[in-house]
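Some structures are shown below for you to check.
Same chain, two partners: subunit A is paired with subunit B first, then with subunit C.
On to the complex of A and B.
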């Protein structure tokens, strides 16, 4: 926070990353859940974030989306400074996410879950809501078309009218992705999207995630416990342990990194 | 319209848009027709006693439906709804009473149906709604940052403070001369009758005006539920964190729902204040009355407009009907409530509307719309 602009001035405009996270940290009581986390996410990239349980991965997402305010450090998305902004402003700026513990609007229909997210930059006043003029209907029809398109992509169209809570686990995870995409994000944060899926579902999910950057012109930051999935999908990976980064690099290097292996085996790292 | 065919999605035709937009106006006009309809029953099918009961039910429905926007749709627990009703009622009463004194030199009724007096009254109801809406904003803005119990306490406080303040108001001034000669301290706090209530209001409320404002309220609530604003309200009820993660400005939507509900309650207050057989009193702002409306929304089902209407009519009519049982009345009333909540804890209709139970309608209301 102290030297915000100066810090970012170092990066030249051409190769400035889409999402630039510099040295963020947060502590809960005495526990440093995330400590000195940095990340440069290029445009249209697939990036992995892994680490053992409790490493602080979800907390990083909560920091990036404004659920928690970082104690220190800065977050930038292209030209916007997102540090300390409210969650809905961050979504508006172009960061969307899914949740590890699924958070759908259970009573709302599948279609409405997505339509709600799609209405982000469309506003209709209370009077227009009462009179329902042509503008109201055009807006609703646009939202509906956009939502149905995304449901097609996620192969959820058949469930459009069902309440979200009635979907199977795998479908709920896909609906979360559809909902996040509906906000037209530049950065999509996926928190364990494959959790609870069977191998077949995982495979089609992997294919889907790989297609996202080109199709929706965005970058994906992926958390998952399935190493196979992350290694297959991501070009670059950051590994967290006890809130700190212990390795950064392409999948093949991460796989053979002794620190990473040690962290996953639960043994203390040599320098800890 | 479009079948559940795979992509690409067929665009909605402009013709159907135009038809939908026309429907946007036709439905409120049906509301006006409804108002004339119920008004024509007055004195024919309904005797004077029935008419009063019908007006009570209509006003209660408005309050239950409006409270349901905050408590049911948005999921915020407000227990100060009667405060907004009373504020609207007192405001509207001041407009008609002192307006009549200034315009015509008397607070008595002016003109027949749709005469000058009735229009002043209709405008006063809207004025009551607007003042209530402002209060809703002032109460809502700081308190909606709070959650659950704290919000409930603030709204409770609003109603109770209003009740006490209304008890401290000045005597009603009876004539134009009195008004002209009144000193400042007779006008501030406003001369609305103190603890005895606001006497002498012209009794303009009839089934036409109740029917009109009720149908507009109901149409608005139903349309709100199926709109962008309504979706963000329901989303907040379902999951606040998920709603801001998809870009819902949670504070703004909460305040908005509060303001809308307060406005509608204020209008209902105007109808209440000008009804035959009652004086609006400070007690009407208190939490006992707020509680009646909360019971209606809970019984009707969270976010169900028609559900809270049914509950409002049952709970308004029930005490009348139980009058024959006299001293067991409250016991029967309470037992019925307990039984209802045990049998249907989600409320009469859950979060659905009465037409959602008709298969034909359900099909039509699918993805196509």
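On to the complex of A and C.
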């Protein structure tokens, strides 16, 4: 935010992607869940990751966030090597995610869910926690403001004090995004954010996702089954099938790629 | 009437001790979902370390007019520190390597750690295998005398030792309650107990939180051991059944209150102490353990998740 465009360019040249995944693979027993996955995510981009059920999309997210350790390959975020790092270290480095099956802290309030994630970058010594000096209070107020701001963006402010589990499905998905944003990520991984939403909700979600890169200075990697959403929002898409990349390109190319169509609809019958 | 109030007073003091110990069981269960059976032995260690430190200091100082007042807090602090370190080491060495193992393995390990602590404690080089008598670090004058009825009727006496137990236990419980429900560290603890994996993806270092939980639980256990030794100065050898029963009753308190729930452990501790003390006084003191475990069975039958536990609904 403080750096001008010139300094920005200097710190991260155009030819160097923000997130650089090289030839990552993991096998569970004999099953190669993800095999030779590579991805270059530029700064402030909107990128899609699609594929039929069981193609390995969520496994890719688990690899990127340190839930699984890749058997081979490397993951870099700007200058940090994230390969084999622990989940909390990766979050600290700047990768945040949401979950396909919502995983909020259900008993905590909506505000606390976000605040918990926001506190990541604000360490307070044990002493000031107990004595609660002015610095502690300023910091607490700061965190609260930041959390409320994010709830505003997600249009959840009215529910700030409600327990997270009481929210509707669509709102819970938005809260997950707010919580992920609270960790101040450079890369945001969204795992089926539109699942279970009605068309209207999907539309406003699409608008929201499109606004994220500029507003929060980050890149989005999006998994969703709603092709309309992915095609509309993303500038570039990678298609996975059986753990392997079968196509990479802009939406219009992907839509007409015979390999992609075959993967989704099955092989065409050889009647010609 | 006097008997009733006196029993009430004893129940409150004993309940504070059970609650302090139960907190350790419940916190570990809340976060790692297993019963740390070695927790009761940390209490024993707290009591014996208190004894050792007190003895050593008294020998050095040889005060003419009883132990100085500052000795009590110093002994307590020593016991808490040593047990805190021990709790950290137990988790690191015994439980952490099993983080991904089935829960039953960890449970068996906990029983192993418990036996280890009991029997190492009985070595001659450590605490020895004969009972000792804890020196009185506090004078025990009557703070309150209540008499019910006319002259000549029995009196209720609340001594300084019992008052110390209430105050110390109360302050520690308040501190824990504040940490868990009002601080960021507490929020991180609750997040880890809800789902450690998700918490890690919020940037929470789950291992650090787990270590903190063990240290806190052990520190509270040490305090309970110290206070227990103040109230019952005859200390039995570390592997004595009476210690096993103490740990077991505290565990039952945690279960009855709803294991995993901090407030439930407090409530459970007092409920167990009341049932035990009143049963012992009004029915028969031979069956004091029976009342406790009978109550456990009843609670498990009618409300298996404990008084404050969230009822578990099975989804079909």
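A few comments on the model shown:
The rule we apply is simple: the second predicted complex is superposed on the first by the 251 of 272 C-alpha atoms of A that agree within 3 Å, B and C clash if a C-alpha of one lies under 4 Å from a C-alpha of the other, contacts with A are read in each partner's own complex, and residues count from 1 in each chain.
Basically, a residue touches a chain if its C-beta (ideal position, glycine included) is under 8 Å from a C-beta of that chain, and two chains touch if they have at least 3 such contacts.
The model shown is predicted, which means the values in this text are computed figures rather than measured ones.
Partners subunit B and subunit C, once the complexes are superposed on subunit A, run into each other and clash. Contacts of A:103 after superposition: both subunit B and subunit C are touched. After overlaying the two complexes on the shared chain, residue contacts for A:152 are found with subunit B alone; subunit C is out of touch. Of the two partner chains placed around the shared chain by superposition, subunit B is the only one that A:141 touches, whereas subunit C remains out of contact. In the superposed pair of complexes, A:261 makes contact with neither subunit B nor subunit C. Comparing subunit C and subunit B on the residues of subunit A they touch gives the larger count to B. Legend: residue contacts after superposition of the two complexes on their common chain; A:160 is shown touching subunit B, with no touch to subunit C. Of the two partner chains placed around the shared chain by superposition, subunit B and subunit C are both touched by A:119.
On subunit A, the surface touched by subunit B in one complex and the surface touched by subunit C in the other have residues 65, 67, 86-88, 91-92, 96-97, 99, 103, 105-108, 112, 115-117, 119-120, 124, 126, 129, 179, 183 in common. The part of subunit A that touches subunit C in the complex is made up of residues 65-67, 86-88, 91-92, 96-97, 99, 103, 105-108, 112, 115-117, 119-121, 124, 126, 129, 179, 183. On the side of subunit B, the complex with subunit A involves touching residues 4, 6-9, 11-12, 17-18, 20-21, 23-25, 28, 219-220, 223-224, 227-232, 234-235, 238-239, 241-250, 256, 260, 351, 366-367, 369. Note for the complex: subunit C touches subunit A at residues 183-185, 187-188, 190-191, 194-195, 197-198, 200-206. Interface residues of subunit A, counted against subunit B in their complex, comprise 65, 67, 86-88, 91-92, 96-97, 99, 103-108, 111-112, 115-117, 119-120, 122-124, 126, 129-134, 136-141, 143-145, 148-149, 152, 157-158, 160-161, 179-180, 182-183.
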